[in-house]
Amino acid sequence: MIIVNNRELRLDAARERRTGIAEAVFAPGKTPQQCADAVAGLLATTAGPVVLTRATPAQVRTAQVRATQVRATQVRATQVRAMQAIADEATVTETGPHLTVTWRKAPSRVGVVALVTAGTADLPVAREAEAVLSAYGIGTDLVADAGVAGLHRIIDQTAALKSADVVIVVAGMEGALASVVAGLTAAPVVAVPTSVGYGAALAGITALLAMLASCSPGITVVGIDNGFGAACAALRILNRDRLDGPLE
Amino acid sequence: MIIVNNRELRLDAARERRTGIAEAVFAPGKTPQQCADAVAGLLATTAGPVVLTRATPAQVRTAQVRATQVRATQVRATQVRAMQAIADEATVTETGPHLTVTWRKAPSRVGVVALVTAGTADLPVAREAEAVLSAYGIGTDLVADAGVAGLHRIIDQTAALKSADVVIVVAGMEGALASVVAGLTAAPVVAVPTSVGYGAALAGITALLAMLASCSPGITVVGIDNGFGAACAALRILNRDRLDGPLE
Amino acid sequence: MIIVNNRELRLDAARERRTGIAEAVFAPGKTPQQCADAVAGLLATTAGPVVLTRATPAQVRTAQVRATQVRATQVRATQVRAMQAIADEATVTETGPHLTVTWRKAPSRVGVVALVTAGTADLPVAREAEAVLSAYGIGTDLVADAGVAGLHRIIDQTAALKSADVVIVVAGMEGALASVVAGLTAAPVVAVPTSVGYGAALAGITALLAMLASCSPGITVVGIDNGFGAACAALRILNRDRLDGPLE
Amino acid sequence: MIIVNNRELRLDAARERRTGIAEAVFAPGKTPQQCADAVAGLLATTAGPVVLTRATPAQVRTAQVRATQVRATQVRATQVRAMQAIADEATVTETGPHLTVTWRKAPSRVGVVALVTAGTADLPVAREAEAVLSAYGIGTDLVADAGVAGLHRIIDQTAALKSADVVIVVAGMEGALASVVAGLTAAPVVAVPTSVGYGAALAGITALLAMLASCSPGITVVGIDNGFGAACAALRILNRDRLDGPLE
Amino acid sequence: MIIVNNRELRLDAARERRTGIAEAVFAPGKTPQQCADAVAGLLATTAGPVVLTRATPAQVRTAQVRATQVRATQVRATQVRAMQAIADEATVTETGPHLTVTWRKAPSRVGVVALVTAGTADLPVAREAEAVLSAYGIGTDLVADAGVAGLHRIIDQTAALKSADVVIVVAGMEGALASVVAGLTAAPVVAVPTSVGYGAALAGITALLAMLASCSPGITVVGIDNGFGAACAALRILNRDRLDGPLE
Amino acid sequence: MIIVNNRELRLDAARERRTGIAEAVFAPGKTPQQCADAVAGLLATTAGPVVLTRATPAQVRTAQVRATQVRATQVRATQVRAMQAIADEATVTETGPHLTVTWRKAPSRVGVVALVTAGTADLPVAREAEAVLSAYGIGTDLVADAGVAGLHRIIDQTAALKSADVVIVVAGMEGALASVVAGLTAAPVVAVPTSVGYGAALAGITALLAMLASCSPGITVVGIDNGFGAACAALRILNRDRLDGPLE
Amino acid sequence: MIIVNNRELRLDAARERRTGIAEAVFAPGKTPQQCADAVAGLLATTAGPVVLTRATPAQVRTAQVRATQVRATQVRATQVRAMQAIADEATVTETGPHLTVTWRKAPSRVGVVALVTAGTADLPVAREAEAVLSAYGIGTDLVADAGVAGLHRIIDQTAALKSADVVIVVAGMEGALASVVAGLTAAPVVAVPTSVGYGAALAGITALLAMLASCSPGITVVGIDNGFGAACAALRILNRDRLDGPLE
Amino acid sequence: MIIVNNRELRLDAARERRTGIAEAVFAPGKTPQQCADAVAGLLATTAGPVVLTRATPAQVRTAQVRATQVRATQVRATQVRAMQAIADEATVTETGPHLTVTWRKAPSRVGVVALVTAGTADLPVAREAEAVLSAYGIGTDLVADAGVAGLHRIIDQTAALKSADVVIVVAGMEGALASVVAGLTAAPVVAVPTSVGYGAALAGITALLAMLASCSPGITVVGIDNGFGAACAALRILNRDRLDGPLE
């Protein structure tokens, strides 16, 4: 039996229809079994991609096993077979100390998101965004290691910044890259502060504040290291002409 | 002579072509004369709306006079006449303790931005966003006083939230409205924390942090009381298929 | 001999009579032996439940052994026999990385506390509250995983919220659930911010501030992750017509 | 015509039925006219007390005039006459730099709330709580200037603390009074940190943190200087056996 | 009599010889008379420029009068006459809400400091630096309004940045300009965060942290709005081959 | 009638006997009448000095009038006459923006407190300490304007630092003077951080933290700008062999 | 050879004569060899106790070996023999996760310090103070586990508080015990905030702020968990009539 | 093939020519392979020293192997041979918990940097600065363990402070040493706050703020524990007359 709702778990199956993005499973603080139940339940009750974020290897292993065992009594048998096939195809991405896992990748869609990072150490956060966008069928264009200390590295990429549908800027330390990028493109800019740096970088607080106080108008910001959130913000922008579900 | 660049002022006339939004004039810390020079210079060198934010009445008066005196030597005479006519039509909006002034309103365009506020005291920030969007020809749909303590007030407006191209949520205190709204719509959600509240509201820091840490995925956040920034973020989303200017 | 007061330990045996809740043993920073002495001393000198919070397995093991050895010279022999029987029945609950242990469960009493959590990761804190309430004979009603991103999950539980004598809301991240719950019920609402989340969640500070700055009037707040404190606050509310002890 | 809902105001008339406490009007950031409209609208659509908090004299004057002019077309004439009579009887309380105004005092009810303050300077916050409780028919017992530097001042009042149904502790500086009071009574303790003090008192943050980190179990805390919130928390506790309204 | 040292004032006359920069008079918290005594005392006991910072008009008036009255008994008469002539020539600069006053300008020296500001509102802080450098005979090159949202404004000035002996970058909001400038020049870069901005700019804290956490190596930072300190840092760099005084 | 205890005031008359220092009246947040009642009550019920701190001129005027009207019914007539005579002799000290007033100066006693300030702007806080110590009969030795940028200013005063019974160091900005002083003397060092400075001085927080984290062992610290507290700490040290009162 | 000063170590041998307390060795960040060199050097060049604080077992082992090998060429042979004998007698105290080690205990002196802790978990910090005081020959009187939730525990100890020469209060969480103790005694009160507690206790910041903002006048505060500093503060108070060394 | 630019790495080879200091490799968050690629790429495309900071042993091992394998196709063979020879000579310095590695030491140049530390525990940060300066051919003069509690230790070194071209002050705890040093020398002073200390030292924040708020004019500050940044700031000062590269 697929556990969709029990004493500890209350899946929001309708969220996909309301917001265009299915509920994701946030792994920290959950037991491997709770992760697995949530993933399996979402596979059984939603139609699109399912995402598990910030998971440990143990949580991923359990979730993968569970996903392949989906045997739902409350769904049709054909649906079960389809789900099981999909479940086998978990995509696991290393995103820094965590793993991001996605199931049931959506078909490719129109739209490109430019992922710009200030340094190589910001890559894991960018990869979390990339994994989520990829699961939803959105292509990405990575512009890595483009910190403002060497401006030509980002100016050289202006064409990519201008042609993107959304630009996600991932930067730690002082986060100045977001201000520079927003001055070079008319695209929506979603800035992700990262905890890269030490001392006065304050584990990402400095980049966060800097992005919020930017002199470049129209930058929006998500939480520290929140590549998943940035991807969802991009999806909301790209989903605009596509969704049409009633509120539960 | 219109002062476009002098020892103290270096207008970024090309920003409009690069980012779809002309440089705006941030009034605090500028003398009335500096505000006036900047507004007049932008009217002379750009084609679209010009915006003055967070101004005092004295700054606005000087800027209005200056705008009507635009006598540019470096632009064509017909252009000057057109500008002067437009300059007379400054639109002044009371946005809390400040004034927001716009010149040369753009023609109406497709796209609707829903402006949702938690309480009546958040209105001035919403009005700043409204004034900027209106200057750029974007229509808005105001859903005011919809704080989560009485959920029906926001649930009743679900249709408006779902049909909007962008939803801007303006909320102080604990800022919970952003999380609730993002769960009800697939539209991009731009959250603006406000300094409404006292004590533990920490002049907007609490709402800011809460919006960044939201359990609803895909919310993006701008700075505290930054209605102007939220409007610019919405413009970036709505401008996507419209712009095409070379980088200066 | 039961150590009730020594150079390092000064049990407040009269607290139970004064406040309706016996002194609890806060394990961090205590040696296993100090934990054991405090538990045994409280079992020997009080009449109701004894609680050990945030303990490690080593602290629990020592305390359990000690509790079964209670041989008090300063109490009556019959009392000792009764205590020993009770001591064997330690109830151990996993509450996140810590253990909560209770001894000598009180008889069931009238009153129901609704325990509402925003997400599955908030469960350990809710369980700490549950363990303490249960030790004092109070029944609980768990409404888990009811975060505001999917409002129906909490609206569906309105009946439970309205019929509860006290509602404890346990939420991390932005803590918006407390505001929503308080708008749905007339019951006393005790909010517990948790350290669930990362980055801008600031290890619970964000939820804490948000709950304190809530737009829903009448919410009260306890410390971050303090499920024990929330249970005690509920006990104070439920104890109102029951207590009658002189101040020491 | 009474403005109950307009573009800027969306009264939550059903909140009284849902939570036992009608929506209150938070004055800061509202124009006097907006305050007046909200007060008049609430008088027209609710049955119990109406409260305006943290108002300036100008806001109060406008609200009083408006309240006496209530001429509702959407309510019955007899209801209007009753309201008008009540509206004349606004009760204005000086609560520090602000005014708290209440209309339509409820009949006296069973229940006593002890209001304990650490110093004379904490009185305005206690008076805000007192004004709200009084409007709802709850009697209060003031124990002022009982700071812990002279312990006998609070120990002498133990009887009052023990017999109260709820104890509200109002304290600034280091807020230690809450910890001491909670050790002397079994009643629910609602602590209100105040901004009394200077320098390291951090405008109330210090008292707030101290109350949350108290060693006395079961203290709950509301926001800094939030006497209104403390009163509402007490009302929720005292309302427990009285309410029975359907959710809107 | 010139008051050089009294109960309240203890001038450090030897500082000029030890550090190359005479003690300056920090006006806030001093009475006009105390300011005047300090200025007059320094004119009487030192050889180079004397600086009064962050003064009010009242403080400046009193200091000017006092400076012209210098009649020292402990210095030679010819010295007095020279001082008095110089004292008449106070140079008053408006530096935001404060005034900076300098006396006894030093002869021009080799060395150029580039003063770069992000926006027009940062000018007052830059002007404080300019006034101090000018008093010490150092020429400045102002590059104002060069914020990173329009990169060409600073890239166009690369020659000035490269030829300067020291570059002082003055920026509020997110302070990104410092990172960009340091990537364009080999000169020493002294960054001054300003309190320009609002909300998340945190009165300069955000720019301060961002400058400290910059990805561009070799930036040094002084306090918020501390144009005086930046000028002194530049003087220390330019003074390197010039000083030779024994420690008092 | 002298108001010693009423609904709003609960004087701790026994504090003088318990702690050697009578309750002082903290003026902020009190009405002039409340200040006056407290001062008069303390004059009537205690034997030593009475202190009013951080008062406005209005509060002082009212308190002075009231003090001269002391006509107590519950004290002996001779006592009244003595008090009235003393009350006329209020000593008013300007301590920055506030006034400190003392009544009934104690006879001079053995013991000297060195008051060391970093700059002239720190004097008002030092004067508050001086006024309180003087009221209690303790002599002081002022070493002003001895900031560490010119070390000889403090090294020159080593003899004073060594012979003092207590050294109070008053410093804002970075507060380094406390560390230096504590390395030069064996006397108890009480450090008072002040709010002198701006920007990164964080209104005294920086000096406070620096004094607490000092590398010089044995420094103790009181609150920001708390000259009164420092004086009381010194009194406790000097009172050691003098007191002998039973606990109330 | 005893290393007293080398490239990395510059012992302040004269500090003992200047301040009454020899330089102590702060272990964190030092290699075991650096700790050992410092301890040995101090044993060779000073006359009184030597203290090593916050050391790991490895640091202690190395320091002990080194101390027993003291073979100084620059000191007299008899002195060497005396030192070696003393060095063998290192006293190691467990002070939480760290070790405090003292060598060459001073003869007992007049004076008693009361060490009061709020809870058992505060004991390690109190023990650090105890170890240092004991090394200097000062007796202590431990009053442990006297938190204010059970006031009688501290009121019962009033005699000890009154007879002590200095009272050191060690408390975490909300640190209220310091305020209560200072109201019960005329002795100097040195408060030590500890990092005991979790969440809103903010690792000791809450107790620190509360102690600084106390309503009880005359409390002085040292850094978080700084039992060593509190002991030194007490020594300064007790040393007053004993010292007489020239400044180096 | 040497990887100079790939999907994850975008070396800024021209930075050396623009700023006088080649891009350094910041190890945290990079895989060993990414570190190695960056080091090898920089060796192949730049002429001066290459620096790897804050590396783990694993990162260093991989980088060393890679550096010795440099076989660039895009550079001349003779250049490759030269590089390989140099690559073997990696200099590894222990800088606290991290390693700093430099390759291709530059010839010795004129200029001396004084490195002053407050305590032995600050040495690792000073050593990071020393390693970088040494790689660039700059000599250093170490003045260690010169904390202000024993002033003679720093006053004795005044000659070294005065003759240095730049003084770098490395201090944790309260960071007072920077203020004292800047009062003793006319040289440029670069202050590095360190995370040495505990509790109120706030992991370096206290020293950072204190240095920024210093009463000694002209101190500049870099980030917490940022010895690398201080060295680069010194290089910028020393490089002034040496550089001459075009902007890429």
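Residue numbering begins at 1 within each chain, and the chains themselves are lettered A, B, C, D, E, F, G and H in the order written.
Methods note: a contact is a pair of C-beta atoms (placed from the backbone, for glycine too) under 8 Å apart; a residue touches a chain by one contact, two chains touch by 3 or more.
Model, not experiment: these values are computed from the prediction.
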Quiz item: Count of steps on the shortest touching-chain route from subunit B to subunit G?
Solution: 2
Practice problem: Determine, among E-F, F-G or D-G, the equivalent of interface B-D; equivalence here requires over half of the contact pairs to be the same by residue number. | Solution: E-F
Quiz item: What whole-Å value do you get for the distance between subunit A and subunit C if each is reduced to the mean of its CA atoms?
Solution: 36
Self-check item: Centre-to-centre distance between subunit G and subunit E (centres being mean Cα positions), rounded to whole Å
Solution: 44
Quiz item: In angstrom, rounded to a whole number, how far apart do the mean CA points of subunit B and subunit C lie?
Solution: 48
Quiz item: Considering subunit A alone, which of its residues make contact with at least two other chains?
Solution: 15, 119, 149-150, 155, 182-184, 199-201, 208, 212-213, 217, 223-224
Practice problem: Sort out for me which residues of subunit B touch subunit E in the complex. | Solution: 7-12, 14-15, 23, 26, 28-30, 34, 38, 54, 193, 195, 204, 208, 223-226, 248
Quiz item: Where on subunit G does subunit D make contact in their complex?
Solution: 118-119, 147-151, 155, 173-176, 179-180, 182-184, 197, 199-202, 205-207, 209-217
Practice problem: Show which residues of subunit F lie in contact with subunit E when the two form their complex. | Solution: 96, 119-124, 142, 144-146, 149-150, 152-153, 196, 198-201
Quiz item: What part of subunit F is in contact with subunit G in the complex they form?
Solution: 15, 18-21, 24, 155, 158, 162, 165, 182-190, 208, 212-213, 217-224, 228-229, 232-233, 235-237, 239-240, 243, 245, 247
